Each structure stands twice: as C-alpha cells, then as structure tokens.
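Structure first, then comments.
The first chain written gets the first letter, and so on, giving A, B, C, D and E; residue counts start at 1 in each chain.
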Amino acid sequence: MTEHDARAPGTAIGSEFGTVAASAPVAGAEPILMTRARSQWWDVWDQFSSHKGALAGAAVFLAIVLMVVIGPMIWPLDPTETDIRSRNQGISLVHPLGTDQLGRDIFARVMQGGRISLAVGLTAMALSLVLGTLIGVMAGYFRRLDGPLMRFTDLFLALPLLPLLLVMVLLFREPLTAAFGIETGIFILIVSAIGITSWMQTARIVRGDVLALKEREFVLAARATGTPSRRIVTRHVLPNILSPIMVSATLGIATAIITESALSFLGLGFPPDFPTWGRLLNDGVSYLELYPGRAFWPGLAISLVVLSINYVGDGLRDALDPRIRGR
Amino acid sequence: MLTFTIRRLLFAIPTLLFIALVIFLLLELAPGDPMANVPLTVPSEVKEQMRVALGLGEPMHIRFWKWIIQFFWIEPLNVFDALFGTGFAEGKLRIISWQNRAPVFIAIAERIPQTLWVVGTAYVVAILIAIPVGIYSAYRQYSIFDQAGTFVTMVGFSVPPFFSGVLVILIFAVQLRWFPSIYDTTLEVNSWEAFGMQVRQMFLPVMVLALQITSQLSRFMRASMLDNLNQDYVRTARAKGLRENTVVLVHVLRNSMIPVVTVIALGVPSIFGGAIITEQVFKVNGIGQLLITAIQANDLPMVQTLTFIFAVLIVLFNLIADVLYGMLDPRIRYD
Amino acid sequence: MNAQRPLVEVRDLKMHFPIHSGLLRRQTGAVKAVDGVTFDIYEGETLGLVGESGCGKSTCGRAVLRLYDLTSGEVVVDGRAIGTESQGSLRRMRTTMQMVFQDPQACLNPRMTVGAIIGEPLDEHTDWPRKKKRARVEELMDQVGLNRAFLNRYPHEFSGGQRQRIGIARALALKPKFIVCDEPIAALDVSIQAQVVNLLEELQDELGLTYLFISHDLSMVRHIADRVAVMYLGKVVELAPRDALYDEPLHPYTEALLSAVPEPDPAMAGRKRERIVLKGDVPSPANPPAGCNFCTRCPKVMEVCHRIDPAFREVRPGHFAACHLNDPRYGPEHSESAEPTAPEATRTQHGGTR
Amino acid sequence: MPAGDARPVLEVRDLRTVFQTRGGEVHAVNSVSFDVKPGELLGVVGESGSGKSVTMMSLVGLLPMPPAEVRGGEVLLDGEDLLKVSPARLRDVRGGEVGFIFQDPMTSLNPVFTVGFQIIEPIRRHMGLNKRQARERAVELLELVGIPGARGRLSDYPHQFSGGMRQRVMIAIALACDPKVLIADEPTTALDVTIQAQILEIVEDLRARLGMAIVWITHDLGVVAGIADRVMVMYGGQVVEHAPVHPLFNDPRHPYTRALLRTIPTVTGARADKLQVIEGQPPMLGAAPSACPFRDRCPLAFDRCHAENPLREVVAPNHDVACFHPLAHTAKEAVA
Amino acid sequence: EAHMGERGRDGEVNIIYWQAPSTLNPFLSGGTKDVEAASLIVEPLARFDETGAIQPWLATEVPTVENGGVSEDLKQITWKLRDDVVWSDGTPFTAEDVKFTYEYCTHPEGGCAQITKFEGIESVETPDEHTVVVNFAEPKPYPYTAFTGGESPILQKAQFENCVGAAASSCTEENFNPIGTGPFVVDEFRTNDVISLSANPNFREEGKPAFASVNFKGGGDADAAGRAVMQTGEFDYAWNLQLAPDVIARMEAGGQGQAVAGFGPLLERIMLNNTNPDPSLPPEERSVIRPHPFLGEPAVYNAMSMAIDRPLLVEIGYGQAGRVTCNWVPAPEIYSSTSMTCDEQDLEGAKQMLEQAGWVDTDGDGVREKDGVELRILYQSSTNAVRQDFQALIKEWWEEIGFAVELRNVNSSVFFGGDAGSPDTFQKFYADVEMYANTFNGTDPQAYLANGLCDKAPRPETQWQGENISRFCMEEYDALWNELAETADPLARQSIAKALNDMYVQNGGMIPLVHRGRLSAHANDLGGVKLNVWDSELWNAADWYRISE
C-alpha cells in the first residue's frame, strides 16, 4: 500500500490518512488530537535519528569538527614548530601521534590540517551548491534560460577538469595571494577552483527537480495569487528542493576534501608550511614503510570524515524523502 | 531517434569548437613555459631560440586556426593514409608536441593500448562487481550485507588512490612479491606465460581503480533498484505468481538498469582519459600519464589535443548515453 | 435571482501548446488543448465544466485566469480584457480572481505553515501590519471551518478535506469575485467531498462568489452548478442550464456521458439498462479528427460529421450545442428534436432554480 | 444470478493484519470475514483507508512483510488455508487461481516489457504452455477484453496504450490462467466514466461467460449498485455491514452505510439542496479495536459504543451488521 | 675490467629514470634525462670520466697546447678521429659527420638546445676523413665544449642531412631512432615511456657491451624507482633518487641494491635579491641594483648565513648525497675555495651581528628594524618536499634571530619556466630570497662564474632574461672575470676562479647551503657502474655487466 504514497500525489488520498495516522496525529475536531504541533523538521529529525548509521556518522563528524576547531586552542604544541631533536618519533605521551621528519607534532598538524581541509570542504561545497542551485533553478524555472544554461553546464561537464583546475591555480595564484595574503589567497583559490569545477551535477539535479516542481499545483497557486517569479523561487521552489541540495551538499564536502588532497598530490595545493590532510597524507606516503603513522593518521581523518558525511547524507536522503519518512 | 541523434551531433559541433577555443585560451593564458625542464645551465637566449623554433612566435589566433586545421583535417588524413596506404597527408604539418617535436598522435596512439587494458579492465571488473552488489544491497536494504557493502564502498570512495595505490604496492609488491610494482608497457601478450605476466602486472592498478569505480557504481545501482522495488508493477509481477528471482532479476533489474547503463556510458570517456593518479602511481604510462607529463612540461599542443579529445569523447558519450536511454526505455521517444 | 450580468466573458478562446520536432525543432504541430471556446459566467452563478480527462478543462480554467499566454481569443473578467495584458499589470487583477485546485496535497507548499499559506496573498497584495494579516487569516480559517489553533501547523498534518479548506481559505483571502475551482473534490474521499461542496455553496451564498466549477463528476456538478458546459477534445459541445442539460441533453456525447454515470441505486440501475457505451478512446488533441471532434466515437454519427465541424449554436434559448443533429439541414428525419420546442415556462424555471 | 447454495470458493475467517511502523502498530484489518461463491460478485465499499486493499492483499501474501504482518485468521481457497501453505504453493495460487487487478493502470504494468511478454509470463508459469501456445492464448485474452487488433498489439509497450486499454490488459493478465477468484482493487477509479462503462461492460460479460468469483473493491457506490450481487461495507478495518445489493441500498442498517448513501448526489432524481455530510475523521488504527470505530462520527452513538466493539449480527437473511444501536436491527424508516 | 666474454652474454639490463626521456636527440631537448638516454647511442669525441678528467672517446687523444692539438693563440683546436669507428648501420664514421653536427646545431632555425657548446666557433674544417679543425673567432682558453661530453655528441650526417633547421622537428623517425656509434642501438622508442635497445653489432670494442638488450623505462617518481631497484629487484639501475636519507636507508635494507653518490658542482643555495622585489614597482625601478631595503647590508646577509645549521640540512635533506659547503663553486676540487667555513650554526653570533649593525626590535613584535625598515623576508622556492622542509627550518632559524619570514613555493614548471609574462619565475625573482639548485656542465666554471656579471642581470630590456639572478653587480668582479676569460694557464685560472667565488659569496650574491651529489642506485649484481657526475651517468654502459655468483 505504501506504493501509493510514493507516487505523484493525488492518485490515492486514502494513503494520506495512512501516512498521517502513522506519523503524526490527525488534526481533527477531536480534542484528543490536539497534541503539540510538530514541524516537518521534527519529523525529519525523527526519521534521521532512527537511521543508526547516519546518527553515528553525525556524531563522528561533529566530534571531528569539534576536535579540529577547539583542539588547536587547547593543544599546547604548535603545528609548525620544528623540534629537530625529537624527529620521526613514534607514539608517545607528548606526541600522541608521533612527530614528522622535522620534529613537528603530528597531532597538532592533523588538527591544524583538518581546519583547513574541513574549511575547504565546507566552503567549496557551499560555493558549488550556490552555483549549482542558482544555475539549476534559473534553468528549470525560466524556460528561456533553460537551453543556454544547460548548454553551459554541458560545456563545463565536457571540459576536462584537471587541466582546468591546474590552469586556474596557476593563473590566479599570484593576484589572489597579492590581494588577500598567502593563506586567504590560496584558500580562496582552491575553494573556488573546486567549487567552480563541481557544481554541474547539482545544477542538473536541481533543474530536474525545479522542472517537476514548477508543474506542482502550489506553484501554480502562487502564480494565480500574483506572486512574482522571484518570490515564487525563494518561497516555494527553493525550500522544496532542499532535500537534493542537502544530499549534494554532503557529497560535496567529501569530494572537495578528496579533490584538495589530489591537488596536493599534484603539487598545486596549499603552500608547504600549510598542513592540510591531503598534503600530510601525500607527504606521508613516501614514509609509509618507515613511519606508517605519518600517512595513516591524516588518511584516517579523511576517510572518517568522508565516511561519516556519506552516512549523514544517506540518512538525510531517507529523512528528507517523504516517501520513506511516511513509513 | 535518428533525427534526434543527428540534431545532437549537429549541436555538438559548435559546442566542441567553443570548447576547443576555451581550452586553447585557458592554456594560452596559463603561465609556465615549455623550456622549464631544460636545465638551468642552458642560457636563456638559447631557450628563446628554441621557443621560436617551436612556433611560439606566431600570434595566438593564427596558432589556434592552425591547430583547428591540423586537428580536423590533417590528422584525420594521416589516419586515412595509415589505414589505406595513401599519401594525402604528405608534407602537411601535423600537431607537433613541444617536448619531443613528434606528432602528438603518435604518442597518443602508443598510449591507448595500456590505458585500455588497465583502466578498461578495471571498469569492466567494477561493473561486474557493482551490479550484483547493488542489486543485493537494495533487495535486502538495511541487512548486514547492505550495511557492510555500504561501508566498504564508502571506504573505497574515501581513500585517495595515491594512498591506496602505494599501500597495495608495499604489501603485494614489496612485502609479498606477488605482483610487480612497475608496469611493463612493452610486454607483448603472445603466449600464455606472457598473458600471465600481463594479468599479474595489471592486478594491482586494476584493483585500486576498480575499488573506486565499484564504490560509485554500486551506490548508483542500489539507489536505482530501491526506486524500482517500490513500484506498482512489481506488485503486479508478484500477483502473477512469478518467482522472486524473476521479479527482481527480470522486472526490477531491467528498469533499474536504464539509468545505470547511461551512467556507465557516461563513465567511458574516463577510460580513455585514464586515471591520472593511478597511472602515475603504478607507472602505467597511459594517456593519463601522458597528460600529466605534458602539463608538467607545458607541452601545450599535447595538453590541448588530449583535453580536446577528452571533450570530444565526453560529448560523444553523452550523446550515446542519451541514445541508449532512449533505446532501453521504450517510453522515451526522441524526435 | 441572477443579475444576468456576465462577470466573465470568454470568446473563442484558444490555447494551443506547440509541438516541436525535426532537425531544427521547428514547430510542427500543436496540442489543441482548448480550441475555440465561448461562454459567459454570470455574476453569482456557478458554471460547471465537465468532460473526460484530457479534454482541456484545466487548461481552459487556467487560461481564463491568464495563467497561460493565450493563443488567441478574448477573456474579459469584471469588465477588463485580460487576454493580452502583461503579467505585471495582471497582478492587480489577481485579487478579483482566484483558483482552488484539484489536489489538496499538491497545491499546498509542504514547507509552509497554514498561516503562511493563507496569508501569502495578503503578503503579496497588501501592506497590512502583521497583526492585521493574522487577524484576517484567522477570520478566514473560521470562515472555512478550520480551528484557529492550527495556524502554525504544516499541511501534512491535516486530512484531505481540511487541506482543501486551507486551499479555499487562501483563494478567499483577497475577497475575490470569481473563483475557478479545478476539480476541487476529485482527490477527496466521498464522505469528504460533500463537506467541501457544502462549504463552497455556503461561501457563495455568503459572499456572492462566482464559480467556474471544473469536474468530471457529473452528479456533483448537477448538485452545485447553475449552468453546465460539457467539453470534448478542446471544445465545448454543449452548454445549458443544469436541469435542461441533465434532463434533455442535446448532444450525443452528453447523452453518453450521462448514461455512463453509475446509478447508486440498484433498482434504478436495473431499469436504466439502455446504457450507451462509447467505443474507443478520446483522440489525441494534437491530432483531432476532421469534421466533428466526436465523430470517431459518436453512436449517431452521420456522413456529414466527418466533413464539417458543427457550429456551436443556441439550439434553444440558453441551451447551446454543437451537433449536426440539431441542425435542421443535417438532422435526422424526426426533426422535432432539432427544433426548439420546449415551452417558455420550463426554460425560465431552469434559469432560476436557485 | 449466483447459485445461492454453492459452496464458497474463497472463505476468509477472522483475518487480522497489522503494520509495524515507526509510529507504532497500525491495525489495518481487524477480524474480517467474508466469502465468495463461484460466479458471484462481491462488492467491497468503504472510504479510503478502511482496509479494503490490505485485506485483499493479505489473502495471497502480496503485502510487503515487514512491515505488514498477518496476525491471524484463515484464508480458505477451496478448503486450503493460504496463510499456512509454502511460499511456492502461494506463488502457484497467485496468478493461477487468484487473479488480481490493481487500481492504477498507468503504473501497474512494467514499462519496459511488451504487453505480450507480460501476458505470456503467467500463462507459461502456471499453465505450462509453450511459447507459441502461450502467444495464442494471449491473443485470445486480448480479444476477450476487447482490444482491437490483438495480435498486432502484443509487441507494443504499455505506454502505447491508453489508460482504459491498459486496464483491459491488466484484466487480461488477471484472467490469463482462468482463476477461480478475481480480485479487482478499484479497477476503474482512475478512469473516466465513459471508459469505466466500457470496463464494467466487459467484466459483466466475462463473469457471465467464465463464471468465476469476483471481489470488486471500490468506493463508488454507483459501480457496486450496478454490478455486485452482494456488498460488504468496511470501516476502520472492519466489516460493518454486509448484505445482498438490493437490501443494502434499500434498507441500509449501519449508520455509516446510511450516511454514505446519503452523501452522494445523483444525476437523476430529486436534487437535494444541501448534501449530507459525515462529520469528523476516520479513526486511527493504532490499536486493536476496543470500541466501535464509527462512534466518534456516529449520530446514534451511545455509551456502549464507546466501550465495546460490536460484532456482526444477522439482521435479515444474508444481511449482517456490526452495530449496537437497536435501530440498526429494525427497519430503516425509524431513522429517516 | 676482469669481466670478459662475448657481446651480449649477460642478457638484459633494466634501467629506470623516473623522468621519462621524450626524445633521443640531445640537441633538441637538453633535458638531462634525454641527454643521458641518448648517451647509450650517440657519443662525443671526448668525455669526462668519473673524476672529471677529460678522456678521448671517438678521438684518438685530447688535443692540448702541449701535444699541438690546440694552437698557441688558443684560436684553433684539431681533433684526430679514431679510424676503427663505424656507425651502427655499418658505414664509417668520418670528419664530415662531426662537421655536420656543428652545422646542425648552429643552424639559426633549428632551436638547438646545446648551441652554447658551439659558441665562438668561426668555422669547422675537415682536411681529411679523420681530422677535424675547429677555428674560434677569439682565443678560447677552454676549448673543450663542442663535441665534448654527453651534451654534444656526433650525429650521423647521412641520417640527419634532411633534418637541418626548420625541418628538425618533422624528423620524428630520426630524432627517435638516431644512428650512433655507441654500445646500443634503438629498437623501439616510446616517447615519455620506454626505450628498448639492443647491443650495437658494429660496436668498436670486442666483447662489449655485455648486455644484449636494455629496457629503459621512464616515468613515475623517485620513490618507485628506488623501490624497484633496491627492494623488489625489478630494475638494475635507478637514476637521481632525490629522497630523504632515511627512506633511502630503508630501501637499501631491502637487500637488492645499493645507492651510490657522486658530487658535481650542483649547489643548493639561497639567492639574495639585490633589487627591490616589490611587484608593484615599475620595471625600471625593479631593476635598479642594490636598492633592496636591507639585503645589501653585509650584517644582514652574514647573519642570515650564520643562523643556518648546514649539517642538519644535509642530514635531513640529502644524507649521503649532500655535503656542507660555503662555496658557490663546490667542485671540482681544484676550483673550490677553502677560505670560508660555515659548518656551524651560530645563532648568538648572528644576533650580535645584527644588534651591532643597529638592527634591533624596538617595537617588541619580534622583528628587528632599523630606520623604520623591518626585516621582513619573502622566501620562495620551487615545490619539492626537501625544499619545503628546508624552508620550514630556515624560517624558524631566521625568525629566531629577529626576521619575519613568509614562505612561498611555486610549481617548478612555472618557477623555472622562462615565461616572461609570469611573475613567478625564478628569474623575475619577486621575492627577497629564493632557493634552488644550479650547476654547470663539464669541469670549467668560467661560464658559470659569468652569472655574477652586471650585464647578465635580468632587466625589462632583456625580457627578464639573464643568468645573474641575484642582480649582483661589482666592478671588481666584472674586471676579475674578464681576466679569467683571457687566462689559459690552469693554475692561474684556478686561483682567479676561487677569488671570484669568494667575492660573490662574501658580497651578498648568495648563501650557499648544500653541495648536492647525485644519488643513484644499482642492483647488487650489476657490475662496472662508475657514477659520473661530469658527464652522462650511463657514459660507461658498455662496460656494465652482470655479476654472477
């Protein structure tokens, strides 16, 4: 019977009752049904929290974020401080993850690297989402823009990304560094390089959803009310494509972190005194046999983040999907 | 369908020309110099002369135009000559690499076999693994198998190949000595023994690549299966008294494969494109490695030709994916 | 009772959706969703619009509200020709005309609270302070019989009937004169349909609303409408006061339609055996048959039907039909059915039932 | 028309189905019993969510389990309890001895297989015919349900058919193996009245010719009035009234049935000024019923209705009703 | 040498270069990888051996003034060719080929990478089949450039006749399969990938080479190359392993092979910018020498040098492939100055020196200043793991003595690329200091020392080309160098060169860091390897053999 819920609304209202009965009290005239109003976000959380993987993922991710944000403030060792006497050390109390070839504390570096990697992941994701959503919505909503914008998207999809990334990095490194200083400059550069080369999937998904949504009656209702397109988009379209956007977002963070590490591998990432997970991992790979920890810890951090975010994304997908949520 | 295909092909031409221009301009604007790898002991005047000898002195639009002519006319003529022993292309200047002053297509032709071998095999292996895994995970959603599969695929997705590649080399090539760590591109498979060698040297890169591809494909397969398992026609099939196997492997699978097949088709250009990092790690000197060395050497004709070929392939396979979609799904009729 | 002043005048309305094909995506045809429709809706009345799925009812309803850009024809609402006005200047007009939709689930934005949904027209067209808007929203909720306490709830927490009430409240927010109800009950359960229909009737009495009531449920249209238009394949084939239409349909399609409605009384059902079962399906509106649109399925088809498209004529005063049977030139031997014979008295009766 | 004394081919006793959901259990079907005899058409009516579909799907295990669980009861098909047989046997029954038609013809056919393939599938599976024979049979079936040019259309895909034709294909599939029982779950709800009339015509014709038992689910009382022999009214997962078609329409005993009959306008006869409504909401099926499910909406409800769940009691020949109110057990005029 | 036998007895030898050769014509590329790969096939008239001494190769002897091969006025050199040499296609090797090689490289449209080798040559004459006379326009005290060393081998005239000038690049077949006189001939050349070679049947020496074939693999990274030789034993010889010492040690523990180091004049250094590097300045101001806000001050650059712990750098970065040095010309020994020491870090001394020069931290921000100028340094280098480690360490030391240091690294293809439009090249030098390595070919430093001449400074007029990266400029230095250019006496040349070296380092041209060697690895069972840093590493591949237990 649930199949009914899965299809286009309107085919079977009977199942609506089922849904309501199963998930939230029916608001009727009866006093017993006057329970507190539950927003749909509550429902989403409800479903989300019943997904064990997603919950664990969220916990791990939060823990990592906390560690990375607060860690460097309380951890006494500076990630860039070299201590040549104690280099290449193993695990110890002073250096819980050991030290590198210059005697820098790996724990401090992993935390510091996480700040950058996560910041890159989050901002690049945000950028690609904004771009993708903007283009997707414009293409989906305005029929006249659809053709040009989708050709534009195809163009980006057809552009080989690696050379593009490389060229971007080479081109804008200096002006940005000059304008914002080395750290912010390169940060902006990498974030925009990743963002600009990864919005296309989101745009396509969003466009598809907007096209479907545009035909939904509540958008028509808004048009009949006289709501101008601009507000239809912000009020009716955007909130309803939140679920694919959220899922894209979680995947986006993961890919951005991995892309950043690949950039480091190709020597185009952050400057060397900037520990990012990708860079640490890449540096550690040559020492894999001697000091496996050097590559292991940043590698583990990347994997954990990607893994946890993927689980969160999975959970969100289920939670935001009304068909699944109804069950 | 035919009109659709022709229309898309016609559309592809301006798109590709535009892409060619974009690539050309981007590369043109990029800093870097083909003489960077020439030792510092060579004085700069000499480097300047070498640059001029490469044709760098000419203005940009002329070089672009030349390149377009070479790519679309002279090189195809050369292929024709090579196939039929004719001599149409004689004396015409081909696209010349700056690194070695040889036609870039010679290098590309040399690289295609190993890339196809390794990346292609990995792709096939990945498809063969991903599809059953995806089917079973979806069918038993939230079962142990599904959970474990999800975990493994996500790990596979999250470990960058420059790490996993070196790791398997250390384990299987250095410690266990089961497989070679360096790919021999000169190996000719002309005996069983050579075939065994080939399998052995392909094993590690294929494994690393396949893990990555499997991760993505199996997630896709699973999602697609899940979408279809809830459809009404599945209930109809069950109501007909069909065996569960038939229901899932005939009715659901056929529908689920439609989007997956197009995803697979869309991935094919990446086979030709090679897997840059994996090729680098395993010294499979394929197309990907060619591209990266060309980038490092600022060999613009090579980079440009390669990236443009990728773009052509991407556009082409996009089209193929659309056509496939139309063929697999009887509901879709392009006109 | 009727002031007999047309609030809405529709003249030869056409709404074609282009079909593009071929190498250059030239327009090679059109889905003639609405193909030359003419009718008036008088102030305070309900015009029922019935027909099979895909015959263009919704398109017609939307075109009347200028939610589409018309292919041709003229629409005058409340004295103002809206057929060619820009969407920007139309915005003002939207306060006089509103719409209620078929699917109460789909027509409410699931991410907005009831208050926000009902208040949206107010946000768009008034600059009232928040308090005043809220007061109006609550008033509307009272009017449609929703508990004020549900202001901050989301649509999915309501039953279908309640959701439809929300939709109606939204349509009422700006005190419109004219509401297009596009199958407002089709998606509802039988027991709830009645609630909604009653509500619509009450509101009409109270506020003097004018409805274009689109439905394929002939029995419900009979209940609610004053006059009824029957559509087939983009055209209105018959338009008449309610009782005239139900008692004495002039178009064979209307006849068939009426006979196909199952009679929920086994006794009656047994008697009404001479059910007319139409053969085949509705042709595609992209490729309608030559001559009369109905000629492919008509049980009384004549040779002329395949050639000439019958004109939409006033066969009897107030009773329009588009059928050659009603044309003395082509009509069957027993031409009395084609002649306006009904007594004057019955007609006036029909006109003023309510 | 039905042979009143024939043995029922399908007998359901005390069927109970529960869904396990996140919000708790949903008791969708509670102690439902009914039977059908060969050649008879049993109409099942009730508002949405009253458990009609779940009841029928529980019979042959078509519900997804989990979340569904058949908690008890017996489903006797020619004396064999379908709830106890092996999965393999159940598969033989499905499509072979019990045919199903579903509501939505647009989605119930597999879009990527030809219509012919989909009809042939159960024929080969259950009747063991070879490919050619099965094809012949498929052509026969399509002709039977009135599809013109049947042979040529076997290789068409569902999307090339209109809604009405697809539903006919569904009927053909359901009839493919000469089932003893045909269960039609709102087969015409999604169709236009003119198409519905076509389908009803076909079904009546088929019933007369093939003599199978039919269970016809609908919430359109008009349809039931036209074709059913007996009618079962469901409400809140229970059968609240059950009677041959004439008594049910002329002499409804349950307040719900009565209300339901009054809410619907007709195209003929007198036109009420105001439609009757059933106030309130259908019940939530959160627990096994301990009281009358209709009590909150019932104008006649009294104390007992809130405390006890009425059992079905025979009030006239072949006519039973689940209501405590004495009026239900006497004549109808009293209420009007 | 004890190893004797017939040609090709030892089967195949596997060589891996982690940078893959892209051509086998050393005149068209000039990259080390290409030159070295080509050295298996084509040969020069004379070579440098592993000690840096010049040895006759295709010539019968090295011409000198003593043996009359070089004229007294230093304007003519006469090479006598061996008469037992034939090309691998069996045709005789003659003076015409040598002359052709000169014409080939000096053709103005050819873009020859080795054209400097032929600088100053007025004409090449071939009085007979086995005599080549080279005439110089000016006296040439060091005439061993043309036809000497791996970078200037002889091409076969018959093969390359039609490939002169602009036609050079259309001769793919010739460039990929040159006919040579060397021990091996090309079977198949795959650009940037693999070269298959086999023993030259017409090689002039009996019983050589010992290997019947060579599998020359290119590509990957130094890690993998080292692993393949020392750990898995897949390869016999790996070139230029720029790896951390502990990684090398770990690989050697694999027991399959060993690393060998050799020291040429390669020097890792920090160049000091003598102009103001601010990119916002107009080009004219950018090229004014010695207006750098503070780097012109001896106290500053001396303190910077003193703050560096060179032995530690060696240990961390290069291990056995590095040595501490204070010289710009660290090798060959005869030219390397011994007047300076710098192998001890002296942070206190450095601080004091700055203090005395008036550089003090008055505002307490940890950075010293004088007259409102702060010691802020932008320190750039190419992207490379070891360099970045060095940067981190040196930054720390410099910050300790009161500098503020900002690090920057640039992709090496940009950094070393001569793109006049890019601000990131080492020549543009938009930084205060930059670190890289440089060296010179052969054993004579004269051309290299010219990098300190005023007029070699990159300027806008020269499109920022020029070898004087530091923009170092001293009249005395220019004068002394001119003296060197006219001196032929070896001893005198040595002492002038040392003086130039000291002058450059002591006056703020650069801070030498590490004298870098070449670290290569060969399999334990590969015999005859003599690591040569003055010429191609594969110079004596004809003598290589398999050690059998």
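Here, a residue touches a chain if its C-beta (ideal position, glycine included) is under 8 Å from a C-beta of that chain, and two chains touch if they have at least 3 such contacts.
This one's a predicted model, so the numbers in the text were calculated from it and none came from an experiment.
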Graph separation of subunit D and subunit E (steps between touching chains): 2
Which chains, taken as a pair, are joined by the highest number of C-beta contacts? B-E
Which integer distance in Å separates the CA centroid of subunit A from that of subunit E? 48
Based only on mean CA positions, could you tell me how far subunit A sits from subunit B in angstrom? 26
From the C-alpha centre of subunit B to that of subunit E, how far is it in Å? 38
Just how far, in Å, is the C-alpha centre of subunit D from the one of subunit B? 55
Residues of subunit B that touch two or more other chains sit at 31-32, 166, 174, 231-232, 235, 295
Residue numbers in subunit D touching 2 or more other chains? 47-48, 104, 107, 279, 281
Among all residues of subunit C, which ones touch two or more of the remaining chains? 159, 189
The residues of subunit A that touch subunit B in their complex are 2-3, 6-7, 53, 151, 154-155, 157-160, 162-164, 166-167, 170-171, 254, 258, 261-262, 265-266, 278, 281-282, 285, 288-289, 295, 299, 302-303, 305-307, 310-311, 314, 323
With touch defined as at the start, can you tell me which subunit C residues reach subunit D in the complex? 52-53, 159, 189-191, 193-195, 197-198, 201, 216, 218-220, 222-223, 246, 256-269, 272, 275, 277-279, 281-282
Can you name the residues of subunit E that touch subunit A in the complex? 223, 243-244, 246-247, 250, 279, 312, 316, 383, 385, 387-389, 391-393, 395-396, 406-409, 411, 414, 423-424
Would you mind writing out the residues of subunit A in touch with subunit C in their complex? 8-10, 13-14, 16-17, 19-20, 24-29, 34, 37-40, 216-218, 220-228, 231, 235-236, 239-240, 242, 322
Residue set of subunit C touching subunit A in the complex reads 62, 65, 67, 90-92, 94-95, 97-99, 101-103, 105-112, 120-121, 124-125, 147, 149-150, 152-154, 156-160, 162, 167, 170, 187-189
